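Each of the next two complexes has subunit A plus one other chain: subunit B in the first, subunit C in the second.
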Partner chain A sequence: MKLYDWINERIDLDSAVKFATKKQVPVFYGTVWYYLGGVSLFLFIVQVFTGILLILYYQPGATTAFESVKFIVSKVSFGWLIREIHSWSANLFILFIFLHMFTVYFAKAYRKPREITWYSGFILLLLAMFFGFSGYLLPWNELAFFATKVGSDIAGAVPIVGDFLLKLLRSGDEVSGATLTRFYGIHVAVLPLVFTLLLGLHLMFVQLQGMSVPPEQENLPHDKRKYMPFFPNFATRDLLLWLIVLNVIALLAVFFPWELGQKADALASAPAGIKPEWYFMFMFQTLKLIPAHVWFIEGELFGIMMFAIAGLIWFLVPFLDKKANQGKRSLFWKFVGIFAIVFIAGMTIWGYSV
Partner chain B sequence: MKHLIQLLFFICLSVSWVITASSDDSDGCIACHQIIDEDRDDDEKIMTHIMEDVHFQKGLSCSDCHGGNPNAGDDEDEAMWDVDDFVGAVDKKDQPRFCGKCHSDPEYMRQYSAHIKTDQESQYWTSHHGQKLTENDEHVAVCTDCHGVHGIYPIKDPRSLVYHMNVPTTCKRCHSDKDIMANSGLPTDQFDKYKSSVHGTALFDKKDIGAPACNDCHGNHGAMPPTILSISDICGTCHANNAELFKGSHLREIFIKENIKLCEGCHNHHDILKPTDEALNWSENETCSHCHSDGQDKANRLAGTLFNIIDSLNNKIEEAIETVDLAENKGMEVSELFFSLEDAHKNLIQTRTSIHSFNEEFVRKTSEDGYKAADAAIIGAEQALTEFGFRKKGLIVFSLILTFFVIVLYLKLKSMENK
Partner chain C sequence: MKNPDRKKFLDIMLGAGATAWLASILYPISKYLIPPSVPDSNVTNVDVGSITEFPPNSSKIIRFGRKPVIVIRTKEGDFKALSATCTHLDCNVQYKTDTEQIWCACHNGFYNLEGTNLSGPPPKPLAQYNVRIANEKVIISSEDMS
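== the complex of A and B ==
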């Protein structure tokens, strides 16, 4: 306690503890969904730590990247574990962000006054997906190389700025060593900086505004609403769940390791069945199904425009869902959410079954 | 009536202009033969084929081979029969000399390629075909039988009758025909045997143009059946190590003494099958017992020993593959071990080749590197499996520690909430 006192004298820890113990977390049937954001945060922390350890040995470059990852997993003590945890937690990170987003959506937590929290969360999801996209190429293996080629091709089909985007991503006309170096820079410097700042903002809003409850709960009389203190009750539960998630990651790392595969060869033909990462699969599968031309628009361009419009609508839900701001539920937006889940899940399953 | 006559005259004039315009003005042979071709079956049309012919493509025309006067117009006598150097359809016995006029002239042929050969005719006369033709036996192949008549393509053109993939089918046209081969004393089953052989399968089924066709063993223009001694040189062109090892073995002298063709004695000729290790298995295979029919102990023992060396190396490699696969399926990084497996497999091929020395010590020594490579793969894979075991144990310990903390936290939480 001497240390606490020593620090407290200097930076007033008491007020922070007071804030944490005073902070109340609503208790109701949906309390469980509050943990998803916390798990996403935990996975991001895991990513940062394992990512820093990987940087110590990883060497970007077309002639060194694959070899250095191979060295990490085969020669460096516990290198395999660090790489597996990084890969698995990256996937779980995006999965939990998706789950967190949908629970927030159905709880109508985006309604006034939490619109900015929703906007920042949505951008964090996009950044997380870009984290995954840029990190996937770094081992410089065959699958990653061609998946990046296909992925950046799609970016190249965007009207007006497509060509610029493609060259910006690839650092040239083709996926090459220059692309790898660029992705590495984005993955370990640009994205962590932007993501951390935005995450800080997102968390600050959550702390300042407190936990949101669905409209039905909000409309209950005060005496019928239950709460638990954030610290230590909710924080202990959070920690408990984080430990379980860590154990699951360790289990996946040992029994379901990610294959390194063959080194990328720009001159080789693309292997059969090239697929993007699972979180891009629903878009990839949809683009595959769209005919070559829809009216007078090129099919791929039409698909990209549809996804852009859908993404924009999703982003602007707090603005569009007028009923939510009045503390009511809108059937239309409920069905939009259900449709989004069914569409994403259906297309993903379809994509993997063909 | 006057208008009708004028109309008919105009039509005739137009038709004759169209005919003249559609033919090559500079070559009367082509102009007439195009008209003659109209009444012929497709495969007999001279002009259809000649347009794609390599000679025509290089700028030669009918008169360059057949003589005559291509500028004589419609007069057949003036174009052909009254011209001294005119040669119509060429007699079979004159065919080699007919083509040889140009193809045996280095100065003339040099204009088409600096490396072009001009010994085809002279080689031909030394061939079995050429010798028989000299004896007025016309049941033999001449230039046109193999290369075609007016539709001759360069040998690297897949449409050519002598393009590598097409050679066996071209030779088959005569050599599998019982009527043509009736007086030759030769069998007619070579093609069928070749087709199912290791070489035929490679050429026809795998489309491997590196696989030998008839001409690779028998020669092209100087085609002859190989003699006892020349066989090892012919096979040794591709199978150099096997031929060299056999050359140094004690069996070579015995084969020559017993009048057994060197490679053919064990491997046959047109029906050469893919050799298997089982060929050395005395009890189940007749390869050795053709000559060693009395079950001589020494030969029997040697074959058995060689079989065991190869078989045990094979088993060792299979064990290595299984162990590496097992480690790989556990998700371990074992890509470097595949280099050892590749080395072991290369050595297995070398060991199989080394049996042509019929020297137990040499074969055993050759196989040593294969065992070393396979052992290295097994050791590496076992280390990977041990590492996997360590990871599993580590996971159990880690899970137990985490579970302990989870339980402690849970109990703490419960006691906290009960207060």
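== the complex of A and C ==
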């Protein structure tokens, strides 16, 4: 305790402890949803740790990247484990962010005063997807090569700034070793910095404002509402779940390893059955279905515009859903949410079944 | 307020100064991020090998300058050379020997051997290249085909 006192005399630790012990977590049927954000945070921590370990051996560059990943998984002790955990955790990271987002959506937690938390969360999801997209190229295999060609070509179709974006992403006109170096920089320096800063803000908002409850819970009389202390009751449950998630990742890494595949070759045809990462599948499948021209617009541009508009509406939902701010539920926005889930799930399943 | 004009003037100067300062930082960064453009190598002819390397109903992707080009020998023994880059989203196409069509695996786009987009999402046909045979060698050129 001497150390505690020593620090407490200099910086006021007591108030931080008081804050942590006074923090309450609402207890009701939806309490379980509160864990999803925490699991996403844990998976991000796993990504940072395993990512740093992978950097120690990984060598970006068209002639070294594939070989160095092969070296990691075949020669370095437990290299395969670190890479598999990084890959699996990356996928679960995106999955849990999606789950977290949809539960927040249906609980109307985006309503006043938590609009900025929603906006920051949405940007974090986009950054996480960009994390996935940039990391996917790093092993420099065939699938990654074509996924990057398609993904960066989509960015190139954006009106006005498309050409700038394409060159910015590819570091030139074509996907090449220069693109790989650039993606590496984005993946290990730019995104971690931006993501960590924004995540810090996102978590700070949650701490300052406390957990949101759905409108029905909020309208209950005070004596009907139940709480548990964040520390230690909720925090220990959180930790237990993190431990379970880590075990699940270890099992997946051992029994369902990700293949390294063939080395990228700019003169090879895109292989039959080529598919993007699952979280881009619904967009991939939709692009596949849109004809070459819709009215006078190229199908590709039309698809991108539709997704951009849908994304913007989703982003702005705290602003658009006027009823939620009055503590009421709107049937329209409920159906928008259900439609989004059905569309994403349906297109994803369809994409995998053909 | 004593002199509103003076305050307005200072606000404008400060705003303009801040904008100019920001631009002087962002401009070089945005320029730095785009790599210098490599001039198109003036390739007009590429020798892609001897006729015997192309059995009928087969294909090969070769590099023409910086661009991939698919060279196809039809069942009848004719040669075709087309841009191998799908006009939809930039994937490399392949020759399907069973249907004798060009196919892009990424989004299921089909082209015929003239490069015309037949079905799927491709919005434009594939560019054609000229093929000639000289001394048993297959030569691809980008010169006008007429």
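Keep this in mind: the second predicted complex is superposed on the first by the 344 of 354 C-alpha atoms of A that agree within 3 Å, B and C clash if a C-alpha of one lies under 4 Å from a C-alpha of the other, contacts with A are read in each partner's own complex, and residues count from 1 in each chain.
Please note the rule applied: a residue touches a chain if its C-beta (ideal position, glycine included) is under 8 Å from a C-beta of that chain, and two chains touch if they have at least 3 such contacts.
This structure is a prediction, so every number in the text was calculated from the model and none was measured.
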item: A:154 touches, of subunit B and subunit C: first, second, both or neither?; value: second
item: First (subunit B), second (subunit C), both or neither touched by A:306; value: neither
item: First, second, both or neither for A:298, with subunit B first and subunit C second; value: second
item: Which superposed partner A:95 touches (first subunit B, second subunit C, both, neither); value: neither
item: Superposed model, subunit A: greater residue contact from subunit B or subunit C; value: C
item: Which superposed partner A:259 touches (first subunit B, second subunit C, both, neither); value: first
item: Interface residues, subunit C side, partner subunit A - complex; value: 33-35, 37-38, 61-63, 66, 68, 70, 84, 86, 88-94, 104-108, 117, 120-123
item: In the complex with subunit C, residue positions of subunit A that touch it; value: 146, 149-150, 152-154, 164, 167-168, 171-174, 178, 266-274, 284, 287-288, 290-293, 298-300
item: Residues of subunit B touching subunit A in the complex; value: 331-333, 335-336, 391-392, 394-395, 398-399, 402-403, 405-406, 409-410, 412-413, 416-417
item: Residue ranges of subunit A touching subunit B (in the complex, touch as defined); value: 70, 73-74, 80-81, 228, 232-233, 236-237, 239-240, 243-244, 246-247, 250-251, 254-257, 259-260
